[in-house]
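There are two complexes below, and they share subunit A, which is joined by subunit B in the first and by subunit C in the second.
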Partner chain A sequence: MNSMRNIFVKKLAPESGDRKKAEKIETPGQLAMKRFFHHKLAVVATIVFIIILIISFGAPLFTPYDPVGMSLKDMHQAPSSTHIMGTDNLGRSVFARTLYGGRISLLVGITAAAISTFIGVFLGAAAGYFGKKVDMIIMRLTDVMMTFPPLIIMLTVVAITGPGLINVILVIGGLVWPQTTRLVRGQFLTMMGQEFVLAAKAQGLPDWIIIFRHCIPNVMAPLMARISFAVSGAILSEAGLSFLGIGIPSPTPTWGNMMQNARNLDVLQLYPWMWIFPAVFTLVTILCINFIGDGLRDAFDPKQLIS
Partner chain B sequence: MGRYILRRLLISIPIIFVITIIVFALVELAPGDMADYFLSDESIQYMSEEDIQAVRESLGMDASAPTRYIRWLGRLVQGDLGYSFIRNENVMELLTRRIKNSVILMGSGLLIAAVVGIILGVFISLRQYSIWDNGLTGLSFIGISMPAFIAGIIGLYLFAIKIPIFPTGGMYSTRGDRGLMDLLWHLVLPAVILSIMHAARIMRYTRFSMLEVIKQDYIVTAEAKGMKRRVIIYRHALKNALIPVITIIGLSVPMVIVGAIFLETIYNWPGMGTLYHRAVLSRDYPIIMGANLFIAMTVLAANLLVDIIYAIVDPRVRYE
Partner chain C sequence: MEHNEKLLEVRNLKKYFPIKKGLFKKTTGYVYAVDDISFDLHKGRTLGLVGESGCGKSTTGRAILQLQPPTAGEVLYEGENLAVLSQKQMRPNRRKMQIIFQDPYASLNPRLTVEEIVSEPIIVHKLLPKDQIEDRVAELLGLVGLDSELMNRYPHEFSGGQRQRVSIARALALNPDLIVCDEPISALDVSIQAQVLNLLIRLQKELDLTYLFIAHDLSMVHYVSDDMAVMYLGTIVEKGTSEQLYKDPMHPYTRALLSAEPKANPRLEKERHRIILKGELPSPINPPSGCRFRTRCPQAMDICKEIRPELQSIGDERMVACHLFNGSKEN
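Now for the complex of A and B:
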């Protein structure tokens, strides 16, 4: 961002003619931060999301109970002062399971989003930068990928590879990149004709330096929003797969496989605390991440003005 | 117009081919093969190497993957998807029967979403920043973030168990009259829940699109000519504002299919989703392949339909 500041100051100063004004000019990053903090919902969502992260990853600090240890004499207890979210059909604390489950759900969400972003940026950059045949092949591939709803292939692939944490992460991460690819490619295409890319090429810089040092920083803005939606999408995919009993198997708690209990009508009706709490945690997390994503998108949108 | 549609159809043909390759290859990646279903661990002990080979040959598993793909494709063209491993039923017949039920659910879900979304979107766009606008836009955020399976269990809990006005599942009552009314009574809850997320999305896009169109010069001109507000809104603005909404409705199709899989399992709807779910749990590959193929084709057809409708309503597209 520092190099960008210089460009902005140098370019704008003589035009405005006012030296003092020019010094006050903020970097795009600072402007974006300022806009983001003006977006009240996004700020609240960030705070709530950080709280969820802390209580999930610091779960042992907040609950003395073991999320997988069974205690049959305590089963099906309604929420009380000892078990604030009650216990499940094997006498495990729902509160402990929700917190520890958050760890897994968030871990899956974040790592799968990281994988899909990596693939998406790589393919999108290659398609946009090299164009022609590379572009043709990559774009046809994304077209085909997009005719399969991701969850459908996930179901098939997990049916083949079998459930499990690593498989679920790899499958989700490996399948939801097409949207990122399209986004990055679109951004790259608009950059290709621009002077800074031409100048870099004229200097004889190797392609990878132009891509990583000159182009990718310019994609970061829309990519940030895309990444947050990828995280919420991945959390939902894991929850959906586990809900159908094909994701991460019990006893490891995740929000998805805890909600799976609700498919049993008795549990749904008689022990609602077993599924309400993970459902609320999932919903709140998804809402927060989506609000953060919206905030980031608005913040990085240069058309948005700020008073 | 005809040429445009033809061109779009021709572009789809290679995509269909790649889809069939992916559907075949996905299952090909699975460890073991079809023969394993017919050879249990127990029976293998009493079989000689030749016997096993004979079984494999009779199933056509001795050929190489490309040969088997060609054979599979050949049967596919004739509408033969093979037999289910578990149910021993013809997959094509089974799928068509189940898909009909799914289409009832998905179709009504999408229809409710489109009608409610467009009406509410127009309604709030004419009242920008009012209580209605802020309230519904706020609610739509929750609607968009609400995954089908959570909405499904909450809906089931509230409207079938706590306030038992709807049945807890199934498509028809087990006893009594199994007519249209009975079907509708079973359909309302899952269809409405399926539509929530999409209604919210369509509403937001309609609102955004209406607000964009209202700013256009031709609307200002119409106003300046002294036309009635109602005529301006419904004849001039709405028609143009709905064009981008068509895309959003088309893009909802894959998500409606996924949502229907969840809702069918929650509400025991005897559709393709429940069939697919059970097939995945029992690794019944012929059903998985058939369903995957159908889903990908539906999405492709939806995209194609959007393109064609687009060309009909917006002449600029087809003269590109």
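Now for the complex of A and C:
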């Protein structure tokens, strides 16, 4: 006890001497940016992805050709200075089609991922936060959703509703949310016992403030990785559907329905430029998105230190 | 000691956590985290709640605040039973009681600035008009010994002690009467512990606060508390003023706890006779019959197996739950 008294009697210096030193206040956002830029692969992937976005959405600036305009005298031309990626079986510029096709593929990827993320976060947050019956109902629903083989369901739904951009987006977005729900629910469950959430409850804050202000920002790190997989997954699903001929119908170009040409053995062997270029674009885009997702996950994780 | 008004009465509080097993989540048993405890908190005083980890101290604190609704029993705050209120009905009462947690790294949201953290409860409970909130935050930070210029900083820029001061400021933002301090200093450095402890004592005097001080360090609790209660496996084994308990522990468990504390004076340290308890803390899922401490008690008797000892008064404000004191009961 004597030692304790001594500690208490001692004149105590201020706890920290660095109050004046660190004048610049770094917001968590700025710190996240810093961490992201430390992730070299993610930075390169971001640059490549931005280039793909620019050339896709600004396609008319980069190619004079009409992606749907046929020119039968120019059929099956190998890459040359006039058609840098050659032409397809209807004489259309593969370069133009790849750029315009990127618009559709990226649009499908991003909007479908947005839909599935929105549903997934909403249901996951509700299940994790409220628990009990709400959790039970939502989780059984996701269990049922996850038993459906996605491709078969997509085939069925598209067969009923008919192919088309909106249908493809809705089908993909409406099928892949269970993974996001499970992820968000799991994160919420661990957070419910954490002290800052208990503190918020002890202060009598309304549920929605606790969910949106205290919980959701803290699931951003794993959610970012999940969103990137959702985007790349949706792009792949669209490519898969279009490859099977039930995605977005011709003549609108997408990377998927351009690769559909490869189903023809002649095209596969004799005119590889017709399918290699959209395939390479798909591959590079998906790799970029996954790397960016990795980078964002690390960036949003406050526990990651900048080395 | 002039206060004698009861602010909070806890009556037969129980908190059992069900253990669920199997496909249909059948309840196969309970964790008896808090099993029938009663105590009073007097206005302006501090009750120290001590016990080893896993004995239900923190659960008691959380059950009082209805963060984990009690299984049974009453929590009377100024006469109103909080245990029967729904979360919604509880909300207005939350202003009057706050909690400070053990880990200052986990208790502050890393994504909000100090100003946002401290002002949030004021805004939500509409305590002040908008233009006065910033001044109030500065005032609160000053009160806990932080520079008000730090209010735009984020928690990651603070040390453990400073973070704990921020959580104290947040707890004070609602002008509470009661603060549950859930091991507020055990995660801090020893030198910082003393500062934060003295801050809590100063705030108590200035703001006339009532504390429920939960800790496992007996000397700390003795230093801050007016009254003390010792918990073992979900029950209170001994209760009294902290002076009485510290000087003259009666329950064998309290004696063992006190004997484990090293003395700073080498001569006293040499004389210290340490009572070493045998065995492990029994599981709260399957607590021993009769007296819960009997499996480790050096003075266990036959009766301890059969009858659970009641917390009985043995003279001025002193209560012990042990069969050893059956005879000495003053009638």
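What we mean here is this: the second predicted complex is superposed on the first by the 262 of 307 C-alpha atoms of A that agree within 3 Å, B and C clash if a C-alpha of one lies under 4 Å from a C-alpha of the other, contacts with A are read in each partner's own complex, and residues count from 1 in each chain.
One rule holds for everything that comes next: contacts are C-beta pairs under 8 Å (C-beta built on N, C-alpha and C of every residue); 3 or more make two chains touch, one makes a residue touch a chain.
What you see is a predicted model; the values in this text were computed from it and never measured.
Enquirer: Is A:E195 touching the first partner subunit B, the second partner subunit C, both, or neither of them?
Expert: The answer is second: A:E195 touches subunit C but not subunit B.
Enquirer: Please work out whether A:F291 is in contact with subunit B alone, subunit C alone, both, or neither, and reply first, second, both or neither.
Expert: first
Enquirer: Have a look at where A:I209 lands relative to subunit B and subunit C in the superposition and call it first, second, both or neither.
Expert: In the superposition, A:I209 touches subunit C alone.
Enquirer: So, does A:L283 touch the first partner subunit B, the second partner subunit C, both, or neither?
Expert: It touches subunit B, and subunit C stays clear.
Enquirer: So, A:V157: does it touch subunit B (first), subunit C (second), both, or neither?
Expert: After superposition on chain A, A:V157 lies in contact with subunit B alone.
Enquirer: Using the touch definition from the top, list the residues of subunit B that touch subunit A in their complex.
Expert: Those residues of subunit B that touch subunit A are 14-15, 18-19, 22, 26-27, 29-31, 141-142, 144-147, 149-150, 153-154, 156-157, 161, 168, 254-255, 257-258, 261-262, 265-266, 276-277, 280-281, 283, 288, 292, 295-296, 299-300, 303.
Enquirer: Per the contact definition, I'd like the list of subunit C residues that touch subunit A in the complex.
Expert: Residue positions touching the partner: 62, 65, 67, 90-92, 94-95, 97-99, 101-103, 106-112, 120-121, 124-125, 147, 149-150, 152-154, 156-159, 161-162, 167, 170, 173-174, 190-192, 194-195, 197-198, 219-220, 222-223, 263-265.
Enquirer: Residues of subunit A touching subunit C in their complex?
Expert: These residues of subunit A touch subunit C: 1-4, 7-8, 12, 15-16, 19, 22, 25-28, 31, 194-196, 198-206, 209, 213-214, 217-218, 302.
Enquirer: Mind pulling up the subunit A residues that touch subunit B in the complex?
Expert: Subunit A reaches subunit B through residues 140, 143-144, 146-149, 151-153, 155-160, 232, 236, 239-240, 243-246, 259, 262-263, 265, 268-269, 272, 275, 279, 282-283, 286-287, 290-291.
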